[in-house]
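Report on the structure given below.
Labels run A, B, C and D following the written order; every chain starts at residue 1.
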Amino acid sequence: MSSSSIGRMFVVTNFGESHGPAVGCVIDGCPPQMPLTEADIQKELDRRKPGTSRHVTQRKESDTVHILSGVYEGKTTGTPIALVIYNEDQRSKDYGAIAHQFRPAHADWGYWAKFGIRDPRGGGRSSARLTAPTVAAGAVAKKWLAENLGITVRACVTEIGNMPLVFDDWSHVNENPFFAPNNTQIEELENLLDATRKSGESLGARLRLEVLGVPAGLGNPVYQRLDANLAQALMGVNAVKGVEIGDGFAASRLTGTQNADAMTPEGFETNHAGGILGGISSGAAIVANVAIKPTPSVRLPLKSLDEEGNPVDVVTIGRHDPCVGLRAAPVLEAVAALTIMDAALVQRAQCGNFGLEYPA
Amino acid sequence: MSSSSIGRMFVVTNFGESHGPAVGCVIDGCPPQMPLTEADIQKELDRRKPGTSRHVTQRKESDTVHILSGVYEGKTTGTPIALVIYNEDQRSKDYGAIAHQFRPAHADWGYWAKFGIRDPRGGGRSSARLTAPTVAAGAVAKKWLAENLGITVRACVTEIGNMPLVFDDWSHVNENPFFAPNNTQIEELENLLDATRKSGESLGARLRLEVLGVPAGLGNPVYQRLDANLAQALMGVNAVKGVEIGDGFAASRLTGTQNADAMTPEGFETNHAGGILGGISSGAAIVANVAIKPTPSVRLPLKSLDEEGNPVDVVTIGRHDPCVGLRAAPVLEAVAALTIMDAALVQRAQCGNFGLEYPA
Amino acid sequence: MSSSSIGRMFVVTNFGESHGPAVGCVIDGCPPQMPLTEADIQKELDRRKPGTSRHVTQRKESDTVHILSGVYEGKTTGTPIALVIYNEDQRSKDYGAIAHQFRPAHADWGYWAKFGIRDPRGGGRSSARLTAPTVAAGAVAKKWLAENLGITVRACVTEIGNMPLVFDDWSHVNENPFFAPNNTQIEELENLLDATRKSGESLGARLRLEVLGVPAGLGNPVYQRLDANLAQALMGVNAVKGVEIGDGFAASRLTGTQNADAMTPEGFETNHAGGILGGISSGAAIVANVAIKPTPSVRLPLKSLDEEGNPVDVVTIGRHDPCVGLRAAPVLEAVAALTIMDAALVQRAQCGNFGLEYPA
Amino acid sequence: MSSSSIGRMFVVTNFGESHGPAVGCVIDGCPPQMPLTEADIQKELDRRKPGTSRHVTQRKESDTVHILSGVYEGKTTGTPIALVIYNEDQRSKDYGAIAHQFRPAHADWGYWAKFGIRDPRGGGRSSARLTAPTVAAGAVAKKWLAENLGITVRACVTEIGNMPLVFDDWSHVNENPFFAPNNTQIEELENLLDATRKSGESLGARLRLEVLGVPAGLGNPVYQRLDANLAQALMGVNAVKGVEIGDGFAASRLTGTQNADAMTPEGFETNHAGGILGGISSGAAIVANVAIKPTPSVRLPLKSLDEEGNPVDVVTIGRHDPCVGLRAAPVLEAVAALTIMDAALVQRAQCGNFGLEYPA
């Protein structure tokens, strides 16, 4: 397992830097004979790509995906699928001023401490741009899960900064630039984001993720549990600082009887567990909540050090998202799809099936 | 990577069932020449073992560890270290009544859906007893980290049910049966637990975990990030439903400047990040919070199904913890130690060092 | 993947030293619901165990296997199967004289160079005794392959030292202490081995391995090919120095038309390929040949060094096999079974089947 | 670990098809700060590329490598290095006739049986063209090994068909199109190859591989042994059917004293072991021999089946190597470099060093 890979049977290996020639990934283990075109992947990338509204980074990238291998006459062949997205808008000069400083709350210092070298252009490999290949790989997993197991994945924003978003309906989520589950707070959100951008500050966000239609039986009892692997995938997304499955932290304040999801022939009466019990899917919807920290890039001065250890005030000019959480929904969906896809194939390997439906 | 393994260079493979002959693990990749005795491991197991107070399960287990391999004349040889803990108190009859029913909030149904067979004795492999081998392996990692890198790991309980625990001092944690960081709430806690036990109910808990002395540079940029792997390890512990790194969910309500930990020649001024930025350790203390759900085993009837799909009322007689979170501190410490140990060896593999100290 | 593990979905992790408390392994990923008893495993261990004739080491070991986990009421549960074989006849004193010398052609020096420490008792972890857990794990794989896919594995000795063994029939192989495929050379072999033992010398051997009934389609195109993984497994057995698939070295002297196995509706007309083409099984019998070097332990003086680098004459007293190849057949069968088992589960994961039969 | 990856700490993931848009690989785990340019890689690719003489395939490919990531200002950054080689000369029509037939001794049938679909253009993923990314990755490993540990890798052809090549000196190897270690048999070889090409037949070859300067201590005792992993890597190269370490098959005919390499303060007196004992490098040169089968593509009719199971006579028109072994030397060097590189990093992870030099 490489450090830049995720999954055991559906393995995705990510590569690239924000302002290098390209970002991309290799997917290995995809089942053969699935119809797959670049358009299938592009539609997910378009949900994530920059520049789609004034509330996200103004970097101009078409994020056009190229399939280099693993597909023949419109079908997967079972061999590795290499996906490449060439970087088009590389303004390295934007970042010149901070090439030798460590931006607080950024990965700059950690990379330096680890490797003794770093590509400072646009954050290099720590850029949120590296979620594009993840979204691309997730699109392949989503397609297979939907077509073969009827599994769907969806995410929405539930809070921006201190502002909770009313949950009206999932149908709104893809119809506004905030992935908000309502159409009543949009103006309020536009004002909030405009004010944030003008002030030079940034905001965090919370998101809700759901995976519907997962059969019972995916996951493992110890270590490589489904909740553990989902938490790894979600916490591995840039800027995520907290992950809950089901009721999450609130569950610790329930009693045993309150927290128990009664089983009936019609299904679970409740879903405090968020669809995972003992490391294994229960057949209920998988539900997770995620906290995303405010974008570390702000246009206000922050106290820091340069590479020689001298104190400096760091100001991040250039393009960035005032709230990186706004573009996180497609990414969370992608890593969830990768996690479930992998668990499904591992289950088929050992047990020859994809678990059981519940309720039957 | 097996489903029951964790780690890439310091690999722990867990085996066993609650009422089978033994539980244990194999540790592969431990550096050679480290002094190691069974006593080094036993002291950690004793912190976790059952029956130490009336507030935990009354199962009688000495949890005596046996080193079967990998140690010669009191030193690790670099070969696999097999650790076995024989099960002594196996009252399979306690569980006979529910052998063919699915206890709500338990792993019973998931195992059945996955494998089509399950060992119902004491929860089989889903028992919290399977954390014993993890604690044993963690003891080895802890020892190496302390002796070679000066890294220490500690955890305490911060809430039981709805009751917050005052944080006085770490020194109290190992001096009361609740892993509480004070000595002023002990009687109150005893009353709470006694009442819970008598009522047949159970409680959840929250814990705080800290890893001190981790140099900057451990982890990876994408996927196998340190925060991701720590989240996987923590969420993989029985009954954990939520994981936060640093400020966690609270971070999403901070602005970018509020959340930024200023860097100075003397170190970070704050630690909102919890010691991990961009997937890589920053040199600050690694801090995580964890939510543990109430023990699913309760003596009150819960609505469920049997293996034929018939509705049943399940009542769990037998021994169990009224608050499994009470015994979680050593387990969280163990998985954190395993995660850091693995990251340290991976770092040494690629970069030939263990990162950088900060402040220098 | 730990250094002491093999397999990706059917993962075996080996532990133990020749004269430590035990040797054993953990098998993870075994399909659930397979009937399995210790007797199923013991019968394979008995084929390998020492002391069965005067031609092998006289160490007295019953090699009794204990299943510590993963089996409930006589069936596999899908959880890790831990197998332990306690060492009974530990005569550490036999090896005292050479504890600080490097026996030529042995692993002594390499272990020292690698770990800076070694368990010298009976060769420690480099002992052929460590093939016992492999044979035990292989027994589980063999059983599953036979019952589910009709696959069988067999091996015989084809040469001992310079003496070629006539191939009469597989039925003879398990009826003589030499795993010889005939009953006409037994006396000659007894004389050869007696003379070798008396002289203090040792001999090498060659073996032939066959796996019958493997469907077409197992393996992968690049790197984790079936031939590559089989070669890894076979070359990983103690003392193996050469591996051929099919015609092996002889294939390089054939022309393209001579080497091509014609395909007909009735099957392949020949099997130069040894059942693997392009890294993937063809449906023909998998055939491999293996060379095993002479046992490095000899009672004659060999020029070597001690741990301080001083020249010494090493003489290995104690019990050892005059021809370790004699006991290799069950081991080669085991690693072949592990390789095929793993490939079968990986195939099921990705493609949902076990390949195709050919001829149909 | 993906099916198309090799290595544990220096992980190479291969992708591509012969006539798709590109072939390539991702290298993860490369140590940072190593100077690296495309020219460093190109020089190895040029040794392997097609069309360099009339004795190899006449496909016109510049095999120009592009570094897409992981290098900044001429140095590796420690992040994944993606390498892409675009396919330039894609004559899919050449293969149209056999798109629905299984060429004997080819991977066609196995792919079909495995995946139920295959890319027939130029053999798709089974083409020897897929060794190009391996050579590219190997170039990176070779460079690091040479600069950091003084390790060098070299291979030559020792036999073509039935014709043994005289070993004069390594200096000749890169000066003739046959990788022959002499300059006296070149005309004879040209005649042999010309005759073979004209006849429509093909030939096999044998090669010798050496790795010089490997310190003692790389590898592992059981399963992931250095000899096992080297055998996996070598047998994983297209068309390889046999692998020997050191004396290989000849070792089985030596006695224990004949086979023992005496250790002296000046080093080993002999090297029957080929530099690996007990799965661990000894400090002597690592030596392996490899058998490569004749190219399966021949212009003579071969009896086979089509996808419907009907008998057909297959004739392979189009461009191919009359002796694929001629271009194998750089490939064997590459996989050996990858194996040693990975073992070196794993050793550094566990033991903090690269083993010991011997003689000191």
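Simple rule for what comes next: contacts are C-beta pairs under 8 Å (C-beta built on N, C-alpha and C of every residue); 3 or more make two chains touch, one makes a residue touch a chain.
Note that this is a predicted model, so its numbers are computed, not measured.
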*Going by the stated contact rule, which chains contact subunit C and subunit D alike?*
A, B
*More C-beta pairs touching across which pair, A-C or A-B?*
A-B
*Whole-Å gap between the CA centroids of subunit A and subunit C*: 45
*Roughly how many whole angstrom separate the Cα centroids of subunit B and subunit C?*
38
_Centre-to-centre distance between subunit B and subunit A (centres being mean Cα positions), rounded to whole Å_ = 26
*Residues of subunit A engaged with two or more neighbouring chains*: 1-5, 8, 14, 29, 32, 78-79, 114-116, 125, 221, 346, 350-351
*Considering the complex alone, what residue numbers of subunit B touch subunit D?*
1, 8-9, 29-32, 78-79, 221, 345-346, 348-352
*In the complex, go through subunit A and note every residue touching subunit B.*
1-6, 8, 12, 14, 102, 104-116, 125-126, 130, 159, 161-162, 196, 201-206, 215-225, 227-236, 238, 240-265, 269, 272-274, 276-283, 291-298, 300, 302-305, 309, 311, 325, 346-347, 350-351, 355-356, 358, 360
_Please output the residues of subunit C touching subunit B within their complex, sorted ascending._
1-5, 8, 11, 13-17, 20-24, 26, 28-29, 32-33, 66-70, 72, 75, 77-82, 84, 114-119, 121, 124-125
